[in-house]
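Mind looking over this structure? Questions follow.
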Amino acid sequence: MLRNLLNNIIFQSVFLMTTLILMGIFIPNWLVFVVTKAIAYGLVGLGIITLMRGGLVSFGQGFVFGIGGYSAGLLGVHAGLTDAILLLFISFIVTGLVGLIIAPLLARYRDIFFAMLSLAFSMVLYGILIKIDAIGGSDGFVLPESTYFGIKPTTDYADYVLYVVSILVAGFVSILLRYYYNSTPGLIALAVRENELRVEYLGSSAFKVAVLNFTIAAGLGGMGGALNGIALGHIDPEFTYWTTSGEFVFISILAGYLSVPAVFLAALLLELVRSFSGRYFPDTWQLILGVFLILSIIFIPSGIGSFFKNFFDTFSKNKKS
Amino acid sequence: MRIFRQSLILLSSVLASFLTFLGTANADGHGEFKLGVVTFLSGPAAEPFGVPAWNGGKLFIKLLNEGKAPAPYNKKGFGGMKITAIPIDESGGATKQVQEFRNLVQRDKVDAVLGYVSSGDCMAIPSVADELKALTVLYDCGTPRVFEDASYKYVFRTAAHAAMDNIAIAKYLIEKGHDISSIAGINQNYAWGKDSWKDFSVSIKKLSPNSEIKNELFPKIFSGQYGTEISALLNSKAKVVHSSLWGGDLQSFILQAKPRGFFKRTQVVFSAGDHVMPGLGNKYPEGVILGARGQYGMMAPDTALNAWWYKTYMDEYGVFPAQPPYRMVQGLMGLKMAIEKAMEKNGGKKPNKDQIADAFKGLEFEAPGGLVQMKLGNGHQAIQPHAIGKTAKDKNGNITVTDIVRYKASCVNPPNGIKAVDWINAGFPGADC
Amino acid sequence: MLDISNNLLSAKNINKSFGAVIAANDVNIDIQKGEKVSLIGSNGAGKTTFMNMVTGYLKPDTGNIYFKGEEITKLNPRIITQKGISRSFQIPQIFEPMSAWENLLVALGTSKQKNSFFKDARSKNNARYIDEMLERFSLNEFAHRQVSELPGGVRKLLDIAMALVRKPDILLLDEPTSGVGAEEKYPLMNTLAKALSGEDLTVIFVEHDMDIVQNYSDRIIAFYQGAVIADGNNQDVLNDKKVKEYVTGKTQVKAKS
Amino acid sequence: MIDEILTIILDGAIYASWLFIVALGLTFVFGVLKILNIAHGGIYALGAYSTATLAPIFYSLGMPEQFVVLTMLISALAVAIVITPIMERGILRRFYGQDEVLIVLVTYAIYLVLEDVQKLIWGMNSLYVSEPRELLGALEFGSLYYVGYDLALIGLAIFCGLTLWFVLNKTQSGKIVLAVINNPEISGCMGVNINKVYLAAFFVGAFLAALSGSFTAPLISVQVGISVAVVIESFAVVIIGGLGSIPGAVIGALIIGMARAACVHKLPEAEIFIMYFCMAGMLIFKPKGLFEGVQARKI
């Protein structure tokens, strides 16, 4: 009984979430904030992981990250909608729909072509955003402070409340995704990654898998963008810039596609490395970040998820070498 | 069970690493003033602005800590407190800067943040600054909107906003009798470039309603290739070409335009054209009308304070200081004065943020570029005198600035409570020249 | 048109060339339900090309293919598979990092119309079915080993088992014994024959070993340079002069050496 | 009117030539190694810095001025010689056969490193080498002056493109490279040393990147941050022209160059937009670019 309970995904997740929420009371404010931001990035990373399980990597998640952030921001500024949870949900839906629309265009391509075309999409959006002065052009704009079910927390608690919300959202998304990964369609996606032709010869559509995964990734990317915008209280076209997309890809590759929580850990790691190298080496932080990226790709090629791949059990125990 | 244990190990290792970070990050010193300094240390804005500004700031902070600055800045550090500066790179966009700002305030627990060249960052930071109750000094950015669209308690800007750069140039052109029957502009396609052109072209239209506006070019920022734009501007045969280009873009524009006779065929005005002079030296064209965003560098006033600063910087770095170091030092001086004023009120003890903010409001202080008055935005936004000049070769064949006309702060800045755009559109009511 | 409907699979006047190489030269083949047909011919004779065209991987230059009276010439492999034609591959197309068990789970998943996104793929029902399937192909002992580590014969059987999950009408086997050691060939074919015996299945297989051909098929079609040179019962085809000259002669020499 | 059209064409041609030179190396490396080399921009900057460093030394030697072009070539070559073994042998080679996107990420990391390496080597001050630009004088054209050097860029672009095309299509080693592009596995089986081909191709790509930097240096102030724009613009050319296609890069550069010139002269508001507009159009109507037929899904 106990063993079953401990192996239960929901139990594990709830345990982890409770611990993190409690931990949030004791850790300093800046860390609360960094974790929130890591969760925002982690959500986007989860989207890419979902794509990776189907054999694709998008180098243009800034596209949906930006759309999600801007939809949350514009709804906040122009429609007076400030409920963080609602905004997260709406941006998920909006970007999911956008994803669904462009997915058929992208899903015909594979490998580097898919990556580059998605990158091109994000760059076109960047070009549009810096041009539109009505939404702040290159400067972006400030988001109104968030509310939660009509209540606006005082400044002292605002960060913590958002932290709790983002952990709950991340936990919920993680559970759903884990269910998806463990389900038959999730398994078929993994099969597509290994051998698309055979999946077609078994009677399933690899194209549909790609469209579905891209839509999920788009929704999650948008949600991450909204969370990032809400957390920072500001949004600008940099959200869609290719360097931002590059960070998402890095998070996913650092995490590997085997484990869900590893994504958030990878996002946190990147956030900490970037922030501390910026703090202690303001002149050469790019060098340090670059070397960190290269070394982690060389030495952890299948991702930190492979260190605790049994943590949440997955189908594929071994990555193709 | 193994899974459960693993999750515990994972959690505790994460926790442990956090705590390690905490230990390193929190060290509170006495008699110390922690100052976060944010400016461009990488990317295209580093060479023209960030690095020279920080060079100036670094030098001035060192001198302050040694008590070697002249009066009224001769007290050690800030009111006797040693200044510890934490430099942070401003590149990466406004959203990233919000995060860096939070890190400075929450993790490093700085007493104040001085920084921001980019207008986008200046628009993003103040709301967070007030939210975190963090004293913030904007030292360089240009957009007038910061204190026109909102008001903040803990945020101050110690330099005039960009409206005066272009108003003064328009006035100069008319006063000196230049032909302004037609004007054209080349400005970068973002807030700074667009605002600058708007301020300039509207000012000209107000002062000389008959002048015709020809090309309004807005090339992409950091594009670096201006061959086509130069052709188009030359083709337009506009009498005056205005530009607020800066940094590498301005240098590339000059290098590409000069051999094509651009500066001989049309009167060029650069609203912020001085900061590339130390680098370009004699490659800088003659006959260009330029501003320095204040009385800085070659257009600085003849005061003892300026003479000291000019020489100190020159001795240290081997080039003369252009606007960036002037502006950062101006910010440091304002902050120092506010702190020391608040300290006096507080009986010589280290004042808190609210006390410093109170003291800062409406402050007036003498800087190398002239008298700075925190007069706009209800005492949060500075105005300062301005100067416009024209480049020429001196008798040794070196490029210098001549024909300097100085403008009172109240002549080229709007009065408190009126937006810069409205003031220009209304034809500068109440300008005290 | 009339007699097409009597045939399960019918290829009419198929031509296909790759540049100068003629892979199918006016091929006409009709297959009835329940037949066990083997395709023989030297390498490059057009056997695999024929399979690829039937399963939609390649499209013929001219000609038509009908399955259950319905034209399938221009359909893609997925649709054709859904209609009831499955195949195995000369080089097993299995999902290398997964276990044999998981490979079959994928096959099972793809054979279903709808799959829940929130139900664990390893449900009891699925597990029972897969265990049965493994049993049928004598693969139990390999169930949970990663397939990239399995011996050639086992991989072949798994590949075929996966094709069979969907319960197809026609099963195409592309050289089921190639890449398998000589002493393993017969056990493999026996396992296969046993596994397939319960099904109401039409089997078409490409094979080079004439003993296996004789033992396991009731009809032989011989290819030479893209054309069908003989088609009929085992004895007739194997005694055909042209077949002896172009097909079996060579292979027998090969077998002896 | 005619004058203006001619001006647009000339301006467009100059800009297109610059774009082409900048994008050529990127598209070539992509074609052979299937790597989108983001560090391309960084190598471009190194080329510019290296020319800005070597040219003054050259001038101090007092040799005939024309030979500065040689110095520029040498400085580009030097960059390629230094960077190729480090990047290709040292880092990228470990990742061949792995996810191509992983390699893109690695080149992004290298790009970051190169940004700071420039700072560490050359400091933060601008460098100038405008002297070579005076070499060819100025030409009067209608009512305008054009600098001979800028016009010579057109020649350089044609020369680089034709040379690369000639080497690929008419020489033995070029044909080997083409074979590798078509099918690395089979070429490998036929005894082609793929690693060598990759190394050589990367070297050529790095040389072209550095060369574009070398020849841009006289036009600009060489300083930190010049690589950012290059990454984007060369990428746009490659997207429009088709990934890995040299004729595609020609067309892509011409489209952007001409469209931009026309915009600046006739519709300046649209200028910033035009590049993205071309890209978006291409993505929607011909997502693989002009010069690439839609490839069958790789299996």
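The chains carry the letters A, B, C and D, assigned in the order they are written, with residues numbered from 1 in each.
The rule is simple: a residue touches a chain if its C-beta (ideal position, glycine included) is under 8 Å from a C-beta of that chain, and two chains touch if they have at least 3 such contacts.
Because the structure is a prediction, the values reported are computed rather than measured.
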### Message
Closest chain to the overall C-alpha centroid, by per-chain C-alpha centroid: which is it?
### Response
A
### Task
Going by C-alpha centroids, which chain is farthest from chain A? Tell me that one.
C
### Message
For chain B versus chain C, what separation do you get between their C-alpha means, in angstrom?
### Response
75
## Note on the structure
Distance between the CA centroids of chain A and chain D (whole Å) is 33
### Task
Measure off the straight-line distance from the CA centroid of chain B to the CA centroid of chain D, and report it in whole Å.
35
### Task
Starting from the mean Cα coordinates of chain C and chain D, work out the distance between those two points in Å.
51
#### Entry: Where chain B touches two or more other chains at once, by residue number
42, 189
## Note on the structure
Contacts with two or more other chains occur in chain D at residues 115-116, 119, 272
### Query
Where on chain A is chain D touching in the complex?
57, 59, 105, 108-113, 115-117, 119-121, 123-124, 126-128, 130-131, 195-197, 242-243, 246, 249-250, 253, 283-287, 289-291, 293-294, 297-298, 301
### Query
Inside the complex, what are the residues of chain A that reach chain C?
176, 179-180, 182-188, 190-191, 194-195, 197-205, 315-320
#### Entry: Complex interface listing, chain D residues touching chain B
4, 7, 10-12, 14-15, 18, 115-116, 119, 124-126, 128, 130, 133-134, 138, 143-147, 150, 216, 218-221, 223-226, 228-229, 260-261, 264-265, 268-269, 271-272
### Message
Quick check: in the complex, which residue numbers of chain C touch chain A?
### Response
55, 76-78, 81-82, 86-87, 89, 93-98, 102, 105-112, 115-122, 126, 146, 162-163, 165-166
#### Entry: Interface residues, chain B side, partner chain A - complex
1-4, 6-7, 10-11, 14-15, 18, 21-22, 26, 41-42, 86-89, 92-96, 98-100, 102-103, 106-108, 119-120, 123-124, 127-128, 131-132, 143, 189-191, 194, 221
